[in-house]
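All remarks here apply to the structure that follows.
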Amino acid sequence: MLTDTKKTSTIPVYNSYTGEIIGSVPQSSEQDVMNALDTAKKGEAIGKKMPASERISILKKAVLLMEQEFDVLANLIATEGIKTISQAKKEVTRALQTMQLSAEEASRISGATIPFNAVPGSEDRMGYELKCPIGIVVAITPFNDPLNLVCHKLGPAIAAGNPVILKPSDYTPLVAIKFGEILFKAGLPKEMLSIITGAPEYFGDALISDDRIRLISFTGGVTAAKIIQRKAGLKKMVMELGSNSPVIVLSNADLEDAVQSCVSGAFFASGQNCVGVKRVFVDAAIYDSFLKKFVAQTATLKIGAPLTEGVDIGPIISKQALNEIDQFVIESIDHGATLIAGGKKIGNSYIPTVLVADCNNDIANCKEVFGPVVTISKVENLEQAIDCCNKSPFGLHAAVFTNDIQNAHKAINGLECAGVMINDSTDYRIDAMPFGGVKLSGIGREGVKSAIEAMSETKVVCFKLKK
Amino acid sequence: MLTDTKKTSTIPVYNSYTGEIIGSVPQSSEQDVMNALDTAKKGEAIGKKMPASERISILKKAVLLMEQEFDVLANLIATEGIKTISQAKKEVTRALQTMQLSAEEASRISGATIPFNAVPGSEDRMGYELKCPIGIVVAITPFNDPLNLVCHKLGPAIAAGNPVILKPSDYTPLVAIKFGEILFKAGLPKEMLSIITGAPEYFGDALISDDRIRLISFTGGVTAAKIIQRKAGLKKMVMELGSNSPVIVLSNADLEDAVQSCVSGAFFASGQNCVGVKRVFVDAAIYDSFLKKFVAQTATLKIGAPLTEGVDIGPIISKQALNEIDQFVIESIDHGATLIAGGKKIGNSYIPTVLVADCNNDIANCKEVFGPVVTISKVENLEQAIDCCNKSPFGLHAAVFTNDIQNAHKAINGLECAGVMINDSTDYRIDAMPFGGVKLSGIGREGVKSAIEAMSETKVVCFKLKK
Amino acid sequence: MLTDTKKTSTIPVYNSYTGEIIGSVPQSSEQDVMNALDTAKKGEAIGKKMPASERISILKKAVLLMEQEFDVLANLIATEGIKTISQAKKEVTRALQTMQLSAEEASRISGATIPFNAVPGSEDRMGYELKCPIGIVVAITPFNDPLNLVCHKLGPAIAAGNPVILKPSDYTPLVAIKFGEILFKAGLPKEMLSIITGAPEYFGDALISDDRIRLISFTGGVTAAKIIQRKAGLKKMVMELGSNSPVIVLSNADLEDAVQSCVSGAFFASGQNCVGVKRVFVDAAIYDSFLKKFVAQTATLKIGAPLTEGVDIGPIISKQALNEIDQFVIESIDHGATLIAGGKKIGNSYIPTVLVADCNNDIANCKEVFGPVVTISKVENLEQAIDCCNKSPFGLHAAVFTNDIQNAHKAINGLECAGVMINDSTDYRIDAMPFGGVKLSGIGREGVKSAIEAMSETKVVCFKLKK
Amino acid sequence: MLTDTKKTSTIPVYNSYTGEIIGSVPQSSEQDVMNALDTAKKGEAIGKKMPASERISILKKAVLLMEQEFDVLANLIATEGIKTISQAKKEVTRALQTMQLSAEEASRISGATIPFNAVPGSEDRMGYELKCPIGIVVAITPFNDPLNLVCHKLGPAIAAGNPVILKPSDYTPLVAIKFGEILFKAGLPKEMLSIITGAPEYFGDALISDDRIRLISFTGGVTAAKIIQRKAGLKKMVMELGSNSPVIVLSNADLEDAVQSCVSGAFFASGQNCVGVKRVFVDAAIYDSFLKKFVAQTATLKIGAPLTEGVDIGPIISKQALNEIDQFVIESIDHGATLIAGGKKIGNSYIPTVLVADCNNDIANCKEVFGPVVTISKVENLEQAIDCCNKSPFGLHAAVFTNDIQNAHKAINGLECAGVMINDSTDYRIDAMPFGGVKLSGIGREGVKSAIEAMSETKVVCFKLKK
C-alpha cells in the first residue's frame, strides 16, 4: 500500500546530476503513518499464517519481474541517485541476487531441537526452537544504494513472514516505489507493505515510537540513528551506519594491485558508500611510490553525466552534501592535511580528492566524509597502522594489503571493525555474508541470512511426556 | 573491582523476612561509575587477548569455588532475597550449571566459513567469520534470582572475553558481591569486573549512556527498561522484562497433573518470578473441578520464615512491593474479579491468592503482578483461550495442558510468546535454552549460548587469493 | 560421456506395460568402465578447481532445460518405467526441485572455524574446516524413480564438485541418458559424467572395486548391496535399500484420513516404492471398520495403461518381479495369511492385494515385497504394534495415526526406523530432508544437503601464528 | 563385561622395552564374542532408554576416576606400549580431555527442525530430526595410543547411548582393561561394554560380520581394514588408517622452527604415530641448511628405557615391527635413497633414521613405515612439492612451513589430505577437531563431535497437522 497519491501535498524528486525535477511523491502525514501501521497490523496476521512456500513464490516472482524491469530500475538509480549507469546496473544485478537469496533462505528457516534430557530432572522432555515472524518491521533506507539496500530489508522481511513499512530516502523514492509495485505484482498482499515518503518532520515520531512496531531496520547516518534510538522505546533495532574505512598497505604487498583496489574503492559512486576507502596507511618503505601511483590513477577518472558511457564520477546527492564534503576537506587542511589532488566541486559533482595527513588529524582520520575524498598517511609499521585505524570512532570494514601470514592475522585480530579484507578494497561485499559495523558503525548484522534471523523470534517448544 | 567500601556513604541490606539489617554496601557515586568504566576499558584489552583456554580455566575454578561456598550462597539468597532455603539451594545448583555451561560454551565459540566462491566474480576468495568479544558489558540484575541471573550475564560475558560492570539489585547485593569475590579468586583479572551498588539516582546516567559501553544486559521491569532504552544511545541491548504468563487447561488434560503444576508455578518464590503462572484459562467442561482442586491445593501451602524447613511461602521483597500486590488485587476486584482465596498480607508475606475473572478484566488479565496472585478464567474453547492469552501486552512463556496433538500445535502456533510448555508450568526453564520474551517481555535472548552470541561481534575475514 | 553407442553390442529397452521394445542402449564392457574411470579421474581434477559459481550455473541451466523437456522426461518415465503418466509428472516436478535444491545448496557448502585456542598449548592457533570434493562417485540407481533418484545422486555430486559414473537400472536407462544429455547441454564438462549401461555381469567388478572410486551411492536391493559391500574395498558407501514400511492406526485417529493415506501409500506406483505402505497394524477397537473401508477404497483403484488418464495402477517392472510378488503372496498365505483382495496378475500388472495376517507371519511381516501388496494386522495396543513393526529386519519409514501426544511420542521413540510420519503415509518425503534407513534399509543418508555432506571431505586447516 | 578370566586359555602381555612378561589376558573365543554380542544387544536397549543426563554423569565420573588413576594409566602405557613416561602422561591428559569432551558433547546432541512448509503441498507439516543411538559399536584399537584412542571410541559411543564391544591391541590390552574397569566403576551398565582380547584368529569373523553390529570403528593398518571391509556386510564403518605424512618447507619459512617441529614430529613415540612426519620436501634454496640442522637436531635424541627421565626414544612395539622398519630402510636404499643417519636397531629400539631420496622412490615416498624413519627430499618449488606429497596413496595430515599467504593457500587447496598444518608438524591434533584421512588413510572422521555424529542415526519426525 502506497500513501494515497491523489492527495495534494507532494514533494519533487530531482535528477541529481542535472537538478531537473523528474517526478514527485506524496508528502506522507502522521495520519498516513497511522494508516500504514493499521494496515501492517493486518499484514502481521497474514504473514504469520503464510507458509514459507507462498513467501518463496512471491520472492521468486519478484526476481523474474525485476529481470524484466532491469533497465527501468537501473535508469532510476542512475537518475534520481548518484551512480553512473554501469554502477547502477551492477546494483540491480546485486539486488536480484539479494531477492533470490531471500527466496532461498526462506526455505531454510530452522531451529534446533533442544536436548532437555541432558538436564537432571528434565529427562522426560522433548522440544525444539521454532522461528516465528517478529512482526511489523520499519525499514529506513538511504540514497546511495537505493534499490539493493531496500531489497536487503524487504527480502528478508518477506522471507521471514513480516509486514514492512518502508521509508526510502527522500532523494531516491522512485526506485523504491517501483520495487514496491513489483512486489505487489509478484503477489505480496497489500497489507504487508506500505511506503511512507517525504520529509519525516511532517509525520512525526509515530514511524519510530509506535508500540506495534517490533523492529526498526535503519541504514543511514549516526545523527539520525541516535534520534531513532532515543525515541524508539522497547523494540529491536538493527542499524547500519557510517564509517571511514581504512586500508593498510604493507611493503610486501603487490603495489599495483593495492593502488588499483584503493582507487576503485575510494571513488566508486563518488565515495558515497559506507564501505568506501577513506583512509590509506602506507608503509614508509613504499609510501612515495604508492602515493605517486595513486594520484596518477585517480587522475584517469572521468567526471560527467551518469548516463554517459565511460563516466566514472557522477553527482553528489545534494548541494548540502557537496558543501559538507568541501567543509571536510577545508577542516582537514586546517588540522594539518595537505591537498594533493581535487578539493573542489564541478557542477553537482566533486572532483576525486586526495589528502595527505597523519593519523592525529582529528578530521581526516576520525570524521566521516560521504564523498570522493581519501586521506593517505605514512606509517612506520603494522602496529602503528592498526592504532591509527582504530582511532576512528567507526568500525565497519578495513583492508590490508600484504602477503605475509603473520601480518595478515595480526591485522585481522587487531583491527576494530566487522570485516577485514586481505588484499582487497574495503568495499568488497557479497550479499550473503553478515554485514554491519562495530562502535559507531552500527548495531547488529544484515546480509540475508543474518537479517532473517534478526527479523525472527525464537519460540521454545517443550513437551513434557509421560515415561 | 568493587567500589571502595572504606568510603563513608553506604546503604543497608535487609533480611527481607524479618526486616533486620544484615549488612551494608557502598552507595556508588558517578565517579565510581567513571572509575569502573576506565577499569573496564583496560579489561576490554585484556579480554580481547585472553585465549579461550584461560577463560575456561577461570570459569571452571569458579564452579569449584561455588561448590565450596554452596551453603553461604544459599543462605544469602534466602536471607536478603525472597526464596525459602530449599528454593535458594535449587538456585545455587542452577547457578553452578550456568557457570559450568559457560565454561563449556567458551570452547565452542565458532563461526562459519563463507562460500565466497559461489558468487560470480568472487571465485578467488576464501574467508570465514571470527567471533570477537563485543567489549564492555553492563549487567543489571533483579532480586528474585539474585545469583543465577547474575551468572547468566557474567558467565557468558567472561566466556566471550568481555569485561563487565555489574549493578545488582539494591535488595540483594550481598550474594552478587560474594560471587564477584569467587570470580576474582578463580583468577578473573580485576579489570574485568566492577560492581556498582546502591540507588541509581546517586550515580546518574553514566552507567547507561557512556559510549564505551557496548552492551547493556538488563533483567527487570518495563518502566526501568524504557528509561534505559531512551538514555542508552547507540549500543546493543538485551532485555528480559516482566510477564503475566498464561496457562491453558483443556478438557482432555490430566487434571491432577495440571492442578499441581499450576499451583507450583503460581506460588514458587511467592510468585516473584517472571515466568510464574499468573493466569489460568480452563475449559468450561472441567472448570469447576479445576478451580476446586486448585484452591484446595493452594490451601496446603505453608507460609513462614524462609530458613524454616517445610515453608513454601516466604516474604515479598519490600513493603512497596507488598502494597503493589495488594493494589493489583483490589483493582482487579474493582474491574470485576472475584476473590476466592488469599488477598491479604501477613507480616512481610502475602497469602497465596486466587482470583476468578474473565479475560476482559484489564487489570487481572493485562497487568503484571509480581507476587502470589493467580487469576483463573473459564473459556469455551482453545481459540478463545488463545485470544485471552494474547490480550496481554507481555509475551514470555505460556503453557497448555492437553493430550491432543492438534490442540497442542494450534496453541504453539497461536500463542504470542517466546516459550510454550506442553503439560508443564510456564516456569519451566533449563539454563541452556534460549530464554527471553516478545512484545513487552523483552528484546533478544539469554541462555548461555544465546548470551555469548549476543556478547560477541562477528568479524568477516576475506582473503583475495591469486588463482 | 556416454559409452560409445556405435559399438555393435546393445541391449533392448522395453515399454514395461506393453512389452514392446522402445529403444536400445549399449551393453557396456569392462573396457568401457575403465575408460569411464580414466575420464572421471580427469573430471576429478576439473571438479576440484571448478568454483561453486560455475557448478551452480550448470545446475541452474539444467533446471531450465528440464522444464523445457518436462513432457519428454515424464513420458520416458511412464513408458520404460512403471508409473502412470500423472505419477511420472509428479516425479519430474520433484526432480526439478532436487536439482534446484542442489544449485542452492552448492552455495552453502561451509565448514566451521575450530576454536583451537580453547585448548591449553594451542592458544596461538587459528583454523577452520574446508569442505572438499570427495572425488569419483559411482551412482547406481533403480527403476522405480528413474529420474529423481538419479537427480538425488548427480545433483549433489555436481554441487560438491565431483565427477560421476552413473549406472542406471537396465529397465530405465533412457530417461537417465536423456538427463545426462541435459547436463552436458547445461555445461557439465564431459569428463564429469559417464553413463554405463547394460547388465553388470559383462563389465565385472571394476565399477565397484577400483581404487580410484571414492564413494558408491547405491539405491537398490539388499542382495546387490551385500555384493557391492564385499567387493568395494576401502571406499565410502551410501546405501538406500528396501523396506516393508509399517503403519500403526490407533483408535483415536481420524479413520477416514488413515484409510485414504494408507491406500494411497500402499498402491502408489503399484507399490514399487521403498517407502510404500506394506504393513498396517490396526487397534482392535477399529480394526473391522478400518479393514472394510480399506478394502472398499482399494477396490476403486483403476488398473490400466500408464499413459491413459485416470489409471491408478500400471505395470510391474518385469515378469520376474511379477512372479516374486505372486510368490510373496502365496508364501504369506502358506504361513497363515488370509487373502482379502487381489492376489493375481493382469497382463504385466498386479491387482492391488490385501492380506490379513498376524505379525508372527515371517513372510508377510518380515520380507520385502516390491509390489501392490499390503498386510493388515489387528493389534491390542500401541506397545504390541511397535513390537510388530520392529520385528522386520528393515527400518526406513514408519507411520502412526493418532491424535494423542503420548502415543505419538512413544511411537516416535520406539520405532526402529529413520522416519516417523504422524498422521500421514510412510511414503511422505520432501527432497530436502535427510532420507535413508536403519538396519537392512541402508547406510547413511541422502537428501540434497546430506548427500553433499557425504560427497565432501572435511579438510582441517590450522595456522600456527606468532603471538 | 570382560571375557571371563578364569578360563585356562590366556595370552601374555609384555613390557615392550625389556620383553618381560608383565601380565596376561584371556584369549577370547568365538563363544566369547557371541556372548558379548548377546550382552551388547541388551546394552542397546538400555542405552536407547538412558537419558543424556545419565550418560553425562557416567562420563564425568569416569573423568574423576581417571584423574585418580593417572599414574597407573601412564605407567601401563609406558610399559606395555611404546611411549616414554612423559609421552605417556601427555596421553593420559589427552584421554581425560577426550572423556570430558564426550561428557560435554553428550548434552549437545541435537537435530534441526525441518522447514517442511517451504514445499508446496507440505504447508501443514512440522517436524524435526531426532538423533538416536546407532546400536552396537565394535571398536578396534591399536597399540600406539592405547588409552586415548580407546577413549575416542568409547567416549563418543557412551555419549551417544551405544553399547560397545572393544577389541584393544594384543600388545596393549592392560590399559584398555583398566579403563574398562574405570567405566564400570563410574556407573556404566555391564551390558554396555565388553572387552574381547587375544588373537583374532581364535574368535573368527563374528566380531566383524554379525548383523547385530551397527558400526565398526577401526583404527589400524590398511591390510586389516580391507579384510574387515570385505567381511563386514551391511554396516557403517569408520576407519582411521595409516599415512606417511609429508611436510613442505619453503624458503620463506622460519628455518629453526621448521627443523624443530619436523624432528619432534618425526620421532615422537619413535615415529609410531599415524600423523608422524615421514617425508620432508625442502625448497632447494634452503635444502642444505635444513638437512644439516635436521641431522644435528636428530643426533641429540636420547634412546633408552621409557621410564627413565629424559629419554626421547623408547622401544618399537615388536620384533616383527622392528624388522619391517629395517626392511623399509633397506628397500628405500635399494630404490635409490641415501642413509644419512640411523638405520639400525638397538635392543628393541630403532635409532632415529634420516634418509635422503627423491619423490620417485616408490618405497620411501609411497609406503608407510611405522617407526623413526624420515625421508628428506629437495624440491624446486611448491608445485613440485605438492605433486610429490600427493604421489603417496595415503592422505591424513600434511604440513607447510611458509610465511607467504599465496603459498599457504595454494598448498591447502592442492594437498590431498584431511588436515593441513601451516608452520607446524603434521602430528598436531586437538581432540575436538574432526580427524581422519582421505585415500588409503581412512573413511569418515573421528574427533568427539564427529564420532558422536557417526554413532547416531538421524530419525526424521513429521507431524501432519490440521489447518
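Here the chain labels run A, B, C and D in written order, and each chain numbers its own residues starting at 1.
Just so it is clear, contacts are C-beta pairs under 8 Å (C-beta built on N, C-alpha and C of every residue); 3 or more make two chains touch, one makes a residue touch a chain.
Worth saying up front: this structure is predicted, and the values here are computed from it rather than measured.
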{"item": "Farthest-lying chain, centroid of Cα atoms versus that of chain C", "value": "B"}
{"item": "Distance from chain C to chain B - Cα centre to Cα centre, in angstrom", "value": "49"}
{"item": "Inter-chain centre distance, chain A versus chain C - centres from mean C-alpha coordinates, in Å", "value": "45"}
{"item": "Distance from chain B to chain A - Cα centre to Cα centre, in angstrom", "value": "35"}
{"item": "Junction residues of chain B - those touching two or more other chains", "value": "107, 114-115, 118-119, 122, 129-130, 405-406, 408, 422-423, 432, 463, 465"}
{"item": "Graph class of chain-chain contacts, one of line, ring, star, complete, other", "value": "complete"}
{"item": "Chain B contact footprint on chain C (complex, rising order)", "value": "51-54, 56-57, 106-115, 117-120, 122-123, 128-130, 402-406, 408, 422-423"}
{"item": "Residues on chain B engaged by chain D in the complex (per definition of touch)", "value": "104, 107, 126, 405-406, 409, 432, 463, 465-466"}
{"item": "Chain A-facing residues of chain B, complex", "value": "97, 114-116, 118-119, 122, 125, 129-130, 134-135, 214, 222, 225-226, 229-236, 239, 241, 393, 408, 412, 417-424, 428, 430, 432-436, 438, 440, 443-445, 450, 457-465"}
